[in-house]
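Listed below are the structures to be examined.
What follows is a pair of complexes built around chain A, which joins chain B in one and chain C in the other.
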Partner chain A sequence: MLRAVIGIALAAALVALPHGLSFSQQEILVFLTINVLLVASYRLLTLTGEWSLGHVVIMGVGAYASALFTKQLGLFVPLSMLLGALTAAAVAWALSFPLFRMKGFYFLIGSFAAGEIIRLLWKRFRDPFGGPKGLKGIDPMPDFSIGFYDFDFFEPVSYYYFAGTVVAVCLWIMWRIEHSPVGLTFHAVHWQDKLAQASGIDVRAYRTRAFVIASGFAGLAGALLAHYIGTINPNSFDVEVMVFVLTWAIVGGTATFYGPILGCVMLTVLNEIVLRELGFEQMRPLIYGAVMILSILFLPKGLESVVERLVGPRRARA
Partner chain B sequence: MSLNGFLNGLSRRRFIASTTALIGVSAAGGIAGRAYADEKVIKIGFLAPLTGPVAAWGKPGLDGCRIWAEWVNEAGGIKLADGNYTVEFVGYDNEYDPAKARTGGTKLIREDGVSFIMMLGGDTWPGVQPVADKTGMLFSTLLPSDLSPDTTTLIAPAEVHPIYNVTGVEWLAENRPELKTAVMCAQDDALGLPSVATYLAAFEAAGIEMQSEPLLFDPATTDFAPVVTKLLADNPDIVCLDTCYSDYVHPICEQLFQQGYKGQIISCTADFYDQIIEKTSKEFMEGFVFQFPDFDDPALNGEGINFKDPNRFFEVYNERHPGEWGAVSWEYASIMDLWKSAAEKAGSADPEAVIAAMQEGGKGKHAFGDAEWWGKDLFGIDNALVGNWPVVVIEDGKARIKAMKSIPEWYAKHGELLKKHMAAYGQMWDQRG
Partner chain C sequence: MTELLAQTGLNALYAASYISLVAVGLVLIFGVMGVVNFAHGELFMAGAYAIVALYADIGVPFLAAVAAGLVFVGGLGLLMERALFRPLRDNPLGGLVASIGFLMILQALAVMGFGVRMEHIPPPTQDVIVLSEKVRLPVSRLVVIVSAVLLLSALWYFLKRTRFGWALRASAQDPEAAALQGISINQTARIAMFIGAALAGVAGALTAPLVSVNPHMGHSVIVTAFIVIIVGGVGSLEGAVVASVLYAFVHTIVTTFYDGVVADIVGLSLLLGVLVVRPTGLFGTADRA
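Up next, the complex of A and B:
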């Protein structure tokens, strides 16, 4: 009962949230929502113990695929988004064959190399990828009305509701996966891979499964981004963006489902709203870096450990 | 009342509350340079990279604009039909990212109420284009390759990059006719490619033979030794550095120096060239041809120059930002000269009125002299202001203007060559996207 009340209150707060924000903060909220899906999908990948440096490129695969499905084939935008996600998952599946011959640090470097190859292909093949300038004039979501609310997707509030709904459904699916037998096996593969193998579990197959599913969600995040800003280029998915995703995951913590999301929200608000509005526009990279170093020094288990400290004792008492 | 109406009403009230809080925070932060409350203020947006690898083409421009604003405000501000206005610049760091540029454009227009927005352009413009189209805001770019008939409120009034590069090659051919062969390298991106096409047209027009295809390197390149080795393999008379960012120009020059090159170098920019001289030598950099003068150059005091007191501007800039003078330090300020003149002529800061006044008669006053609104052939719209452009040569460690050459005159003779090479590199306006 209490959970249902909290859930309804949270949903109501998220619906009302954009109306308490300025126009630019509403824009940031849209990108934050998309990034929540990206970082949550990244955590799903890390459940099996592998950290990738190609996740943002996979997001880009979804973005490019969805943009091309609408530009070249004239497909309906929501359909092309789904196909973009499936394309990202398919590319991840193909990459899993060479990549999962490696583990740990080697997988990390291998995933970086694979990502760079994909980015180079986008740059090299102007047709259809647009080369270094990428694609622009990507179709936006078509506007529609549901009677009591008109969706105008140029407006960030409308797109936030659309993207927020998609992201909420995806988070629910990821949560369900993690708490299913498959998700528990992902944990087993991470923490007890030898034991899991001895129990007859195909460790490589489960790692591939996590990689493909996570990539599908990342691809969907890319598609959501592409159809909002209307332009993508290879630099939108470079290693610098990947460093941000890693930072969100590390600062937030990856032991819980909400840890990376918390890191993403807190750091985005700090970087894009607080520091800009306090007039530290040009010092943001410096301050952002300092915050990251301090959080690693003083919160090695991430922001989620603070939440656990606050909520944990209450949970135990209950 | 629809839900949209209800939510919008809620938004406005909360927006006022949050804006009030923000103003409080800003005041507590002691943000300097704001106009007094009883003054009438025109806000101008500056939406460019202020941090990150492309910041060198954003931040120095904002620093230059702040000097420009001080001078204009001291002289009484901008004189419109309903009185005098002081100018205030509102910056937003787009980090050269289209998504952040969109957020910045929205903020500047819908929250800060700016009357005009200056951008670097390039990769960031497509992110802002829908905002420009929806709001009708007047934008400027330094990169006319952003221009297209789709957006009539985007102008390129300062820099017709890369077309002015033809003037450097033309000058070189006239003054050093013994140079017959060239090689070129460029980063493979939105700035590099149209510039490659332009240099190819200029070399062909000048009768200079390209010894090999332009060497396009990845923008992530950090080791330029192999690039330079390959360039020098055919022993060229001229090495052309295209429109490389300063992060490339510096290491390429170092490599050319270390690998013993003694020939001619030509480049679009040579930002912070004093640092290149430190890393190489004065002798090595002697005769280096590029396109962006220091504004202490005596040639800029001549007739026909429309930039106010360039020598003093350079001096003040260097006092405040020592060692930071670059290609864009004066460009955004020169755009503001043009905008101010048009707004005063129109008596209004309304974007439509300003652009109509600016383009009246198809002529305009560019920083380097009288110019014409041009570009239909290449950009599909006459929204680029084109006239003379300086050819700059490093002599005894100092950049000096050697000539002012006319871009329209070159284009009248060799325009078809330029179109041919632009089309070959997919850079014509109807080939983009």
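Up next, the complex of A and C:
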């Protein structure tokens, strides 16, 4: 009962939120919504214990694929977004063959190398990827109406509602996956991989599954981004963005579903509202770096551990 | 054709020299501390900016500025050891994340201090050794090659022939057993971080007049260093040197006959190939993970 009330209040607040913001803040809100999907999908990937450095490039695969489906084949935008997500998942599946021969540090470096190769291919091949300048003039979402609300995608508010709905559905699916037998097996593979293997679980197959599913959602996030900003290039998905995702996950903590989302929201608010308003734009990487170091030194379990401590005694659950 | 190959060989030898300085430092840090120092490319960048500040701006003699860069970047290494890696010793992922944070701080400081534009550094000497009509070796490149050989020989002597070197190798092999023998882990960590960082700084300082110095130059350096240490076998200093030479030759030849981006793709594919076929690298042993 209490949870339902909280849920409805949260949903109402999220619907009302953009109307109190300026135009540029509304745009940031759209990026934040997409980033929430990205970081939540990243957590799904880390459930099996492997940390990838190629996740943002996989997001880029979804963005490039969806943009090319509309540009070259003239597909309907929402359909091409879904196909973009499927392409990202398919690329991840292909990459899983070399990558999951590795673990830990080697997987980290291997995923980094695989991501860089994809990025260099975008850079090298002007046709169809547009080379270093990337793709421009990507078709926007076509406007539509659902009776009581007209979606006009020149307005960030409309795109926020559209992307927000997509992201909410994706989060719900990811939550269901994590609490299904498959998701519980992901946890087992992470914490007890020898035992899981001895119990007849194909550890590598489950790692691949987590990787492919997470990549599909990351690809969808990329497609949402591409059709919003209309232009993408290889540097939109470089390692600096990956570092931001990593920071969100580390600062928020990855033990709970909401941890990385919390990290993403808090750091975006800190960055956009506080730093930009105060004129510290140039110091952004410096502050991100410092926050990253301070949180790993003093809050190694992330912001979520603070939340757990505050509400912990009453709701002592895993 | 022979002349083209000879010139390509000289170019590769020059690339191999500074790459091996960077890679050997990275391996040393990984071996002793057990952390992957993602900020290693930015230590290289810091060395290059030491030359910008001291040699190009104030006019300190080039080799004195290189020496100052060595000490400065070595000092950065000590700072990282004390502030980041020591408190996070039991947390390998934490060390990696902290080094990524440090990387961003160094990059932002370079941007704030010097701006994002490319720095132009006049080379200390314009002399060129003409070996034949088409085979030329600029003296500034020869300086890099000679310095790398001298520094790596000195490091080899230090590691294999001195007591400190023995202690360092002992704690790289088995920190607990080394501690039981009265070797201070903190001290060996300090020495390893100083040497490892200083080698990257020296490489950046020596090559500063020959490359485009900018705050984001560390990225390609760290990518190259990762390729080299994986191909050579993580934890193997000899492997890092051999892999540097191998990589430099492959990369230079592909760049000469195709272009730089293809060469980068070939290099990264080499890395993935080694990881798939022989994850311990050419010289690594299985128990070092």
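One rule holds for everything that comes next: the second predicted complex is superposed on the first by the 315 of 318 C-alpha atoms of A that agree within 3 Å, B and C clash if a C-alpha of one lies under 4 Å from a C-alpha of the other, contacts with A are read in each partner's own complex, and residues count from 1 in each chain.
Here is the rule we use: contacts are C-beta pairs under 8 Å (C-beta built on N, C-alpha and C of every residue); 3 or more make two chains touch, one makes a residue touch a chain.
Fair warning: this is a prediction, and the values are worked out from it, not measured in the lab.
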Given the superposition on chain A, are chain B and chain C in a clash or a fit? clash
In the superposed arrangement, does A:Q282 touch chain B (first), chain C (second), both or neither? both
In the superposed arrangement, does A:K133 touch chain B (first), chain C (second), both or neither? first
Would you check which partner chain A:S24 touches, where first means chain B only, second means chain C only, and both and neither mean what they say? first
Which partner chains sit in contact with A:G230 here, chain B, chain C, both or neither? Use first/second/both/neither. first
For A:G164 in the superposed arrangement: first (chain B), second (chain C), both or neither? neither
Does chain B (first) or chain C (second) touch A:L120, or do both, or does neither? both
By the touch definition at the top of the document, which applies to A:F154: first (chain B), second (chain C), both, or neither? first
Which partner does A:G60 reach: the first (chain B), the second (chain C), both, or neither? neither
Taking the contacts chain A makes with chain B in one complex and with chain C in the other, which residues are shared? 120, 123, 282, 284-285
Residues of chain B that touch chain A when the two form their complex: 2-4, 7, 10-11, 14-15, 18-19, 22, 25-26, 29, 31, 50-52, 59, 91-93, 96-99, 102-104, 106-107, 110-111, 123, 126-127, 129-130, 134, 188-190, 192-193, 218-220, 426, 432-433
Interfacial residue positions of chain A with respect to chain C in the complex: 51, 98, 101-102, 104-106, 108-110, 112-114, 116-117, 120-121, 123-124, 239, 243, 246-247, 250, 282-286, 288-293, 296-297, 300
Can you check the complex and tell me which residues of chain C touch chain A? 36, 84, 87-88, 91-94, 96-98, 100-105, 107-109, 111-112, 219, 223, 226-227, 230, 234, 261-262, 264-265, 268-269, 271-272, 275-276, 279, 289
So in the complex, which bits of chain A are touching chain B? 16, 18-24, 27-28, 31, 120, 123, 126, 130-137, 140, 148-150, 154, 156-157, 225, 229-233, 235-236, 238, 272, 276-279, 281-282, 284-285
